[in-house]
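Reading through the structure tokens given below for one structure.
All chains are identified by letter, namely A, B, C and D, in their written order; residue positions are counted from 1 within each chain.
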Amino acid sequence: MSALPAAPAGPPAEEPIGVAVVGAGYWGPNLVRNFQGSPSFRLHWLCDLDRSQAERVLGGYSTVAVTDDLAEVLADPRVGAVAVATPAGTHLDVAAAALRAGKHVLVEKPLAATYADGRELAGEADARGLTLMCDHTYCYTPAVLRIRELVRGGDLGEVQFLDSVRINLGLVQRDIDVMWDLAPHDLSILDFVLPDGVRPVAVAAHGADAIGAGRSCVAYLTLRLSNGGLAHIHVNWLSPVKVRTTIIGGSKRTLVWDDLNPAQRLSVFDRGVDVAAPEELGADERQQMLISYRSGDMVAPALPEREALRTMVEEFATAIRSGRPALTDGRSGLRVLAVLEAASRSLAEGGVMIELGEDDR
Amino acid sequence: MSALPAAPAGPPAEEPIGVAVVGAGYWGPNLVRNFQGSPSFRLHWLCDLDRSQAERVLGGYSTVAVTDDLAEVLADPRVGAVAVATPAGTHLDVAAAALRAGKHVLVEKPLAATYADGRELAGEADARGLTLMCDHTYCYTPAVLRIRELVRGGDLGEVQFLDSVRINLGLVQRDIDVMWDLAPHDLSILDFVLPDGVRPVAVAAHGADAIGAGRSCVAYLTLRLSNGGLAHIHVNWLSPVKVRTTIIGGSKRTLVWDDLNPAQRLSVFDRGVDVAAPEELGADERQQMLISYRSGDMVAPALPEREALRTMVEEFATAIRSGRPALTDGRSGLRVLAVLEAASRSLAEGGVMIELGEDDR
Amino acid sequence: MSALPAAPAGPPAEEPIGVAVVGAGYWGPNLVRNFQGSPSFRLHWLCDLDRSQAERVLGGYSTVAVTDDLAEVLADPRVGAVAVATPAGTHLDVAAAALRAGKHVLVEKPLAATYADGRELAGEADARGLTLMCDHTYCYTPAVLRIRELVRGGDLGEVQFLDSVRINLGLVQRDIDVMWDLAPHDLSILDFVLPDGVRPVAVAAHGADAIGAGRSCVAYLTLRLSNGGLAHIHVNWLSPVKVRTTIIGGSKRTLVWDDLNPAQRLSVFDRGVDVAAPEELGADERQQMLISYRSGDMVAPALPEREALRTMVEEFATAIRSGRPALTDGRSGLRVLAVLEAASRSLAEGGVMIELGEDDR
Amino acid sequence: MSALPAAPAGPPAEEPIGVAVVGAGYWGPNLVRNFQGSPSFRLHWLCDLDRSQAERVLGGYSTVAVTDDLAEVLADPRVGAVAVATPAGTHLDVAAAALRAGKHVLVEKPLAATYADGRELAGEADARGLTLMCDHTYCYTPAVLRIRELVRGGDLGEVQFLDSVRINLGLVQRDIDVMWDLAPHDLSILDFVLPDGVRPVAVAAHGADAIGAGRSCVAYLTLRLSNGGLAHIHVNWLSPVKVRTTIIGGSKRTLVWDDLNPAQRLSVFDRGVDVAAPEELGADERQQMLISYRSGDMVAPALPEREALRTMVEEFATAIRSGRPALTDGRSGLRVLAVLEAASRSLAEGGVMIELGEDDR
């Protein structure tokens, strides 16, 4: 490994951070638009192996430069940060090159194609004191930010179960299955909202290649949490109806997040089941257990209207400037990769429960 | 075993079948109401160990007789059929006694507390040439009857996946877990609508006793089908929102049954993903596969308004009179029990996939 | 008018009130079921000109007597109260006969076919000290009872507007238009929930006989309220979709009642528009007006599950026993008739606004 | 009036039309984005009296020129078309100036502040042979384009009623009431989808200034159609819930357009009421009328995903190039203004029905 270039000194708050976007495919244009809209950044480059694709994305009225040469971008001293929106298989190469060039890096999810690759990136960033952030966009929606507050702030009580459904008629990917395509959203949200000390400890996965596409198009993940709770994720490319609903059940309250209902994305129910087992009874004396039901009001908190990507982009700027880890830093990207790899093993082994290593919790 | 009484000769179509309901708890009143409303039956008795409960159910204006003595009911020659709505643990005793007394028997789901018990009942009914029917009520809803037509009639093409969610803030049962309480609905529907030759061949189950109730309150079942398809069932007593939605994905069409949307219970989508793998290519040559998407119209078929229990009661009469097996006969009840027992084993063994025996498919 | 019989002495609270239902058509069976279920009443008769219809309603297991002779019912000294569920055109005759026989009377909506008829009934009841109650069933739903509390208790602030939509593919009535068929529900609810002192003062109506049925099948009513507010009602027999939604906008909060959403019938929004016109400005100085928007949380209050008719029946008993007017007494029925008659006049005169008399507010 | 400049010769299809957007407020940015995205146009200018606002809209990466001088824009020979997105009160001045300069003109709704102004614009355009188009955006949504096909193609049969609800917590405008703010959408859609020969012939309006804003914040419009049908529009700035639903009832089918349900915007019901009056009977013999109910399937047609503004922009190009009137040309804008002015008169006169002039139908 070559000598580390010095990390760029944090620019004064008033001066925008020079940034380049690498990858002009599905996600890149969203990054382009949001970096352009942010006063914290100045977008200098859009880089893609296919120059004409990059030109199409920028349209006929833009002053942003196009290139197909990553080296040209990395050599530009105005560029302090690079956003990587290339296929997952190239994340390691592109992001590592950027880090080695002393650039802060934002990577589209998943952080890398493998856990090992991701760990290499995280190590590279740490060694150089650079910001490595994973673009777990959903974490920056007003709904998920509020869920994080509610769960970590104790409003729900102890988390008992989480059930997430993310199904749609989706594009069948050529290189990854539905689990790697969609579950990173749910896993990163889970990672983001769970309170400190509550982590997934094991995962099992079932899937089916229902249409003969050569990879699972329907998958179910079941995660054991360290506090005894259960999380379950249903991802599906074949559903003609779109559902994006997460239920988080707590000992005090239960919330429902319906991302497709803009008028009421979040509902917090003071409704549930309490079990009061008299102290003196043994676990077997089920007949004596006292179950009570709460059927209180439901509150749908008002949420601000704000594009998640805009908030994410500002978090990237803040992390760069302050030097603190981003809310969805490389480590959170790694934890998601650890679950995905274990889930793939479970899938291959017929659905057995795979324990997660200590490091990945 | 005593000598078999002769099976009662089928009464002439015009004469109602004398019937008794045993069990005046949660479900019994529904049977009472529907037998009273049917011209095919004449309700003579409501029998419950708690006479005053039976009297409350009948109310102050009824001519139906009450008793706490099953023997009195079984000895009544006017009674040709007995409907059993007692706790599952008593099904074997009550139903077997009725069969031995030469009565046709309808049993509330599940058929019995164990597969062995259920097989005993089925054998008893077969030996005596009596009708044994399981009250899988949902199968007789207009929606499920139509789903059966669509699936078995080929409108959906090959069944690729089935996903069923049945969650609610439900009563935590004292004797059974959420899987035994709710999944029989989904399993009996699955059994009812799948085409001949497509059966579950293995099942895995995950669950959690999230509230310390001594039994699972949240459970997920994954079933492998004999045609390579996947079925998944989510049952949950702890959800503050009620969901009862089943998606059945086929190679031609996909249907969504939302039982809580009376205005549009059934939606049939001509929408999906087709994979056309050129003949000459090997499975590895994924890059060459041709995927096409259909995004056709959705049709919500008009469904008649008819109470499922009424239809079920008439099927019971028809089965008795014709001697043919009921649509949900004892065998279907047995197949559901086989899956439930295997799922319980899987739950106890941490979610491993349990193969179902040949007989139970 | 013959000499008044003495009003029956209120029976002791523990003894049920003898009751007869007159009319075994669409609504009568519901009254039969609810009187049978109430400990406050003892149902003695179901009376209908078509005896066989009455017998069908009672079914084959009932001890309630059937008759086609109203005089027989009115002569029965056990009968203290009569519930009238006959066509509106016969309400005057049947109810007046019952009152003259000294019976308390419950009348299905509308109170009578005309305002004049209704006033005669109300006068008759007053003169004899008998309870006259109008079965405005919706007023006794848990949702409307809560709305009444919220509106009259001041939680909404000043009522600014009310918008009610009640549309469905409905039975085209032979004798009345859609306004007389459906709007009584909305008008009785309006009457029930508005605070004292806020009343409708004028009404305009538009309608269309879209299908050539000889009467309006679609109608819109606009009511001016005494506090300057506006109420609007849309009733429609021709809509393939069913909507039953009422919005009540207040200066502090606004509520939405969606009667077809059992999971969330009532939503109370702390959301709205405030105008703060600086004191010193004239009305013309619009540019200076300060408008602020509240976008607070929404609360969906938990509502009990209780059949409205059961509550209504108990209110009838309480009114009889206590001598106080029922919540929906004859006067409320009269106020609804006053609006309906004015709306019919407006309809006939092309939609002009018709003032309501002082007495009818 | 000065000598007419020659209408610009239609440019060859392959060459984009030079365009300028005037007005960088609420709507202008959407036009900027869509002209930039269209190969049919080349955007040269964004003009606003507030230059800095125009600069903010374009952002820091644009090559489009900014000016606050309309004359500079109109003098630019590259500019063949001008899009006007200024306040309605300035439409006459800006658009007339553009027409006089020989430019084709697109005007944001409403066409002008008054019917007289609008007529002047239409006359100016006609006299010069220039395209005058009104940006009735909703007409170009995939849903409304399909509705137009269904209604005009006869799939619905005769149009019997139309009911449109457009309510939300909306910005209280300083210069116009809710009717002028929101009803142009519904009126332009009505104008767009009705078959030739079916036109509004009279309108009545009721409204309320519920919050003391100095103008109606809630309004209801009732329109009589020339075929005897009825159209009704509810617009409201004060509703905490957003509703955008239109029902169009026809003699054969009825459609429901729910613009807030992206998964099922359009539902076409083969459901309704038929009246078969035997030939030999008079209109009075209501008892003989035969009413039958259809309760057929519902079909939700698949709709393409396409931004309405993009389609509108292409229609503008096509109208310019072909010389044919745009689908929403100046005449359609005029017809909408005629209804709005009559509705305002009705509102001022307490809701009386105002006939529309022959010219405005």
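Here is the rule we use: a residue touches a chain if its C-beta (ideal position, glycine included) is under 8 Å from a C-beta of that chain, and two chains touch if they have at least 3 such contacts.
Please read these numbers as outputs of a predicted model, since none were measured by experiment.
Common partners of chain A and chain B, by the touch rule above, are C, D. Taking each chain's centre as the mean of its C-alpha atoms, the one that lies farthest from the centre of chain A is C.
The mean-CA centres of chain A and chain C are about 54 angstrom from one another, to the nearest whole unit.
Per-chain CA centroids place chain A at a distance of 42 Å from chain D.
Within chain B, residues 241, 267, 271, 295, 298 each touch two or more of the remaining chains. Because contacts link each chain to all the remaining chains, their graph is best described as complete. For chain C in complex with chain D, the touching residues are 160-161, 163, 165, 167, 169, 172, 174, 204, 206-208, 210-214, 217-218, 220, 222, 228-230, 232, 234, 236-241, 247, 249, 251, 254, 256, 267, 269, 271-275, 277, 283, 286-287, 289, 291, 293, 295, 298, 350-353. Residues 264, 267, 271, 295-302 of chain C are the ones touching chain A in the complex. Every residue of chain C that touches chain B in the complex is listed here, in rising order: 36-37, 42-43, 59-64, 241-242, 260, 263.
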